[in-house]
Amino acid sequence: MTELAGLRLASPVVVAAGCGGTGRELAAYGALAELGAFTTRSITLEPRSGGPLPRFVETPAGFVHATGLPNPGIDGFLATELPWLLQQRTRVVVSVAARSLGDLVELARRLGSAPGVSAVELNLAPPEGDDLLVSREPFQVGAAVAAVHRELPRGVPVLAKLRPDVLRVVEAARSAVEAGAEAVVVGQSLPAAMPDGRDAGLSGPAVGPLALRCLTEVVAALQVPVVACGGVATAEDVRVRLAAGAAAVQVGSALLHDPTTAARLVAALASHEGERR
Amino acid sequence: MSVPVHVTGEVLASKRIGAYQHLTLVAPGVGERFRPGTFLAASIGAPGDIGGRTRLGRRALWIHQVRPLGGYAATVQVVVEPVGPGTRWLAALERGDRVEVTGPLGRPFALPKEPVPTVLVGEGYAAAPLFALAERLRERECPVTLVLGAADDARLLNALEARRTARAVTVVTRDGSVGTRGEIADVIDEVLRRADADVVYAAGSTPMLHAVARAAEAHGAWSQTALEQPLTCATGLCLGCPVPVVGEDGVARTARACADGPVLRGDRVRWADLVGT
Amino acid sequence: MTELAGLRLASPVVVAAGCGGTGRELAAYGALAELGAFTTRSITLEPRSGGPLPRFVETPAGFVHATGLPNPGIDGFLATELPWLLQQRTRVVVSVAARSLGDLVELARRLGSAPGVSAVELNLAPPEGDDLLVSREPFQVGAAVAAVHRELPRGVPVLAKLRPDVLRVVEAARSAVEAGAEAVVVGQSLPAAMPDGRDAGLSGPAVGPLALRCLTEVVAALQVPVVACGGVATAEDVRVRLAAGAAAVQVGSALLHDPTTAARLVAALASHEGERR
Amino acid sequence: MSVPVHVTGEVLASKRIGAYQHLTLVAPGVGERFRPGTFLAASIGAPGDIGGRTRLGRRALWIHQVRPLGGYAATVQVVVEPVGPGTRWLAALERGDRVEVTGPLGRPFALPKEPVPTVLVGEGYAAAPLFALAERLRERECPVTLVLGAADDARLLNALEARRTARAVTVVTRDGSVGTRGEIADVIDEVLRRADADVVYAAGSTPMLHAVARAAEAHGAWSQTALEQPLTCATGLCLGCPVPVVGEDGVARTARACADGPVLRGDRVRWADLVGT
């Protein structure tokens, strides 16, 4: 059992935002209930249909992606996707992104009154989608966390997801914690460009060593539980992060390459745990 | 949508026919669940060697035939045209080599409930799923007319076998090396009229599918078009493969080529908004 | 002929700091005179012997490295390495790093009186080596540039090398230009961690899409000539960056994988130029 | 140091002998420049496919034999022990496959000016460079005594050929499957005494080399030790392979294993400060 921000997780392996589809697609490859948690793609107040093609470019360092965060909007999500996820008896972490603090508050309000949501994760640095709020400075992280925190009932923790920017990540984490975040997620797609010049995110192998550096710094500086995200594909990757002090890890784009990755890591860690007992 | 599996398959045979490499795979679970129009996604790189992967996107291949062979109940045959690094890697696999595959993926061709006349249209290797489809249609006593198109002779799939499966076969090549010289679009109206088709099934390039869907509409036939869009995860997780469609309710929506397709009703696709490939 | 900050370069392809050894090793694979320029590894005031092993970890996203910037110190460099480089008739850009602004000034003073130096590049963000000055905020970039600029004779331009940090790179570049930098280099190893937790840099494929994003933003915002650095390995990589507005490109860790990379790119671009004429 | 070349080589033959794969390469320019003790560096991955590379570091291999074969003036033979992804990839190459190699790299064994008695010590595949060395020594009329060590019979290189080349041969295996059971360190003193050696040449693991250098010193002989340190670029560019040495002037320095070595004088290496591999 993994403990994170007052939640008991079945495994330290969590699906990262935006990489598990609606959950249904992933369920073909392993029961969602055995995951630590399922994080939804970032949900916005209004539906978004996403950006033009190509949305993905394959590079050895990871995917360069510009999807534009397509999602059915909070109402659509609550009506169709959340109920199905809850039926799977998995912990559901709802990721949210917004165009303004006001929208963020509104999202939190609706999620706060939706039963079954285990936690809310704030996407504070979407690498693309320039209409969305990006917390550039640490104080902006705190402001966003505080706004959301107020709207959520006790027992629904706020996870602040931070860009793996070594110069600011400790201050950003501190600001999040002071504003009430029960945990931080360290790791996010990196701000990149498509070969055609459009803003994009870079996810996958490239993020690993960078986010690991940020994890190390946050763990050394603060007492907050940290979820490590970025570049996780193997059991060894998970172990390195847990050893560095992470409470849990998120698996993102590795799922796009092998949809069994999360299930495989859950099993590998469980058997490893078994061995140690 | 059948539930796909992700397995490490083994190459049982690899044979060059014309411009294509025909691979027969032992991929337990994939063949058993197959329905015509579904595909599999291959990972490029040796199984197990995650650190050795640079092609992180999956490569989609139509499932051509499923049959018992060499003691295996349901081997899977695919047809590969080596055009880029991934398909070249696949085409170079030899008997005994292993490859990770996920399948069957996507929604298959919908079969008519009545024994109505049908026309099946395939272009290049994309004719692959039509032969198994033709068999299922014959089981339902639907008359089958086949249209096969290709750039040239070497890219014409199983034209001989076609004559056994179908009542009538029309062959079109761009260079005129076999059959009529020209494009499928040039002959489709005439074929539909002669076959008096109620349903048209088509697989191939976007412009061809568009032409077929338009012709079907003009003839008052249903069309089922199997799209090839650039895919990243191929499993519905990444939202990288949007296809503009019109829902049953007449509202414009976005479908995922991999998970809501690859087969979509021709009259539902907003062809003009679809970037051709 | 490429023009950069008043210098005429034989090619837009420049060897990045720390990836061309002392120059002698690279000369085996192509005449240095045909390069746009040779950038030395960062030279410090005192000699440095470098850090412990392992200094490199290989990942698909690039090398994670913690060498500790070994170098013979400015006196050793001027006595032994610079004269040899000048004999090769290549443009020599001397990269410098320092523990303090005072040291930086001293380095500039000595370089200013050494004949033959084409330009001085400031390594303002070494990703490892925590005893070295890191310009965390844009104003610090300006301060460093101003201090060095004063000490250099006219005709020896200052190139400020900036971390590809999208949130700060435009401000950092502006600050550099206002302080007198004749050009900026956009791209540097990213701050990462070794699996054992030590501070390290990440160089190679991972840096490409991130630095490209920063390049785009700097080019859009400022008039300064920009040298693009990070993830360059193919002629296509060079062309994308030149098309995005870079005046020249640096080739770094690709040389560690293939020591002919720079020579190959010089030739590819020259023949491309030839074709266009 | 001879000037190396970087070429796309072709596999002329690949043969399994015991635990090793013996590859014969056509690599124009490499064999012609060969001197015993130099090595070549192989790139892992198909030539030309830069985007398909994940093993960005080079793999070093001793050059075993150079000889005319199949119409080529100087084919190069290497001995590969498949231990990791790179050596497994190399061992799987077949006749006709291509591989990018750079060589010959590094400084060779120094030959004595006088016809003095010599002892050559090789461990496992690292005995590879000793056979060509023995030939050169015989040309200079230096008596040659060979010591071959290995974990077991399957890892003993060319023991038969050894008897043709050398005056006396001592074989040591860890499991006692051939020759004396034990380590080279157990027998080296006795061999040196019996051979009355003036120069000792050794290639293999660090602890063995250390033992040999120590024994040589005790016997008043020169030692030439060929080190295997983990290499990244193998060409002297990256400074990833530091070896602590003492210069002629008695001052502690750092040499590069790849470019200043791999052969170093045993009495110059600061063995105690060298991390064994």
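Residue numbering begins at 1 within each chain, and the chains themselves are lettered A, B, C and D in the order written.
The definition used in the following text is that a residue touches a chain if its C-beta (ideal position, glycine included) is under 8 Å from a C-beta of that chain, and two chains touch if they have at least 3 such contacts.
The chain list, named the UniProt way, goes like this: A, C = Dihydroorotate dehydrogenase B (NAD(+)), catalytic subunit; B, D = Dihydroorotate dehydrogenase B (NAD(+)), electron transfer subunit.
Given the structure is predicted, the values throughout are model-derived calculations rather than measurements.
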item: Most remote chain, CA-based centroid, reference being subunit A; value: D
item: Chain centre separation in whole Å, for subunit D relative to subunit C (CA means); value: 35
item: Whole-Å gap separating subunit B and subunit C, where each centre is the average of the chain's CA atoms; value: 50
item: Inter-centroid spacing, subunit D versus subunit B (mean Cα positions, whole Å); value: 54
item: Of all residues in subunit B, the ones touching two or more other chains; value: 51-55
item: For subunit A, residues contacting two or more additional chains; value: 59-60, 62, 204
item: Category of the chain touch graph - line, ring, star, complete, other; value: complete
item: Subunit C - residues contacting subunit A, complex; value: 59-62, 64, 136, 165-167, 190-195, 197, 199-200, 202, 204-206, 208-210, 212-213, 215-216, 231, 240, 244
item: Subunit D residues within the subunit B interface of the complex; value: 49, 51-55, 85
item: In the complex with subunit A, residue positions of subunit B that touch it; value: 3-6, 43, 50-51, 53-58, 100, 102, 230, 232-233, 235-242, 254, 259, 275
item: Complex contact set, residues of subunit C against subunit B; value: 59-60
item: Residue ranges of subunit A in contact with subunit B within the complex; value: 19-21, 24-26, 28-29, 41, 49-50, 52-56, 58, 60, 62-63, 65, 67, 70, 204, 233-234, 253, 255-260
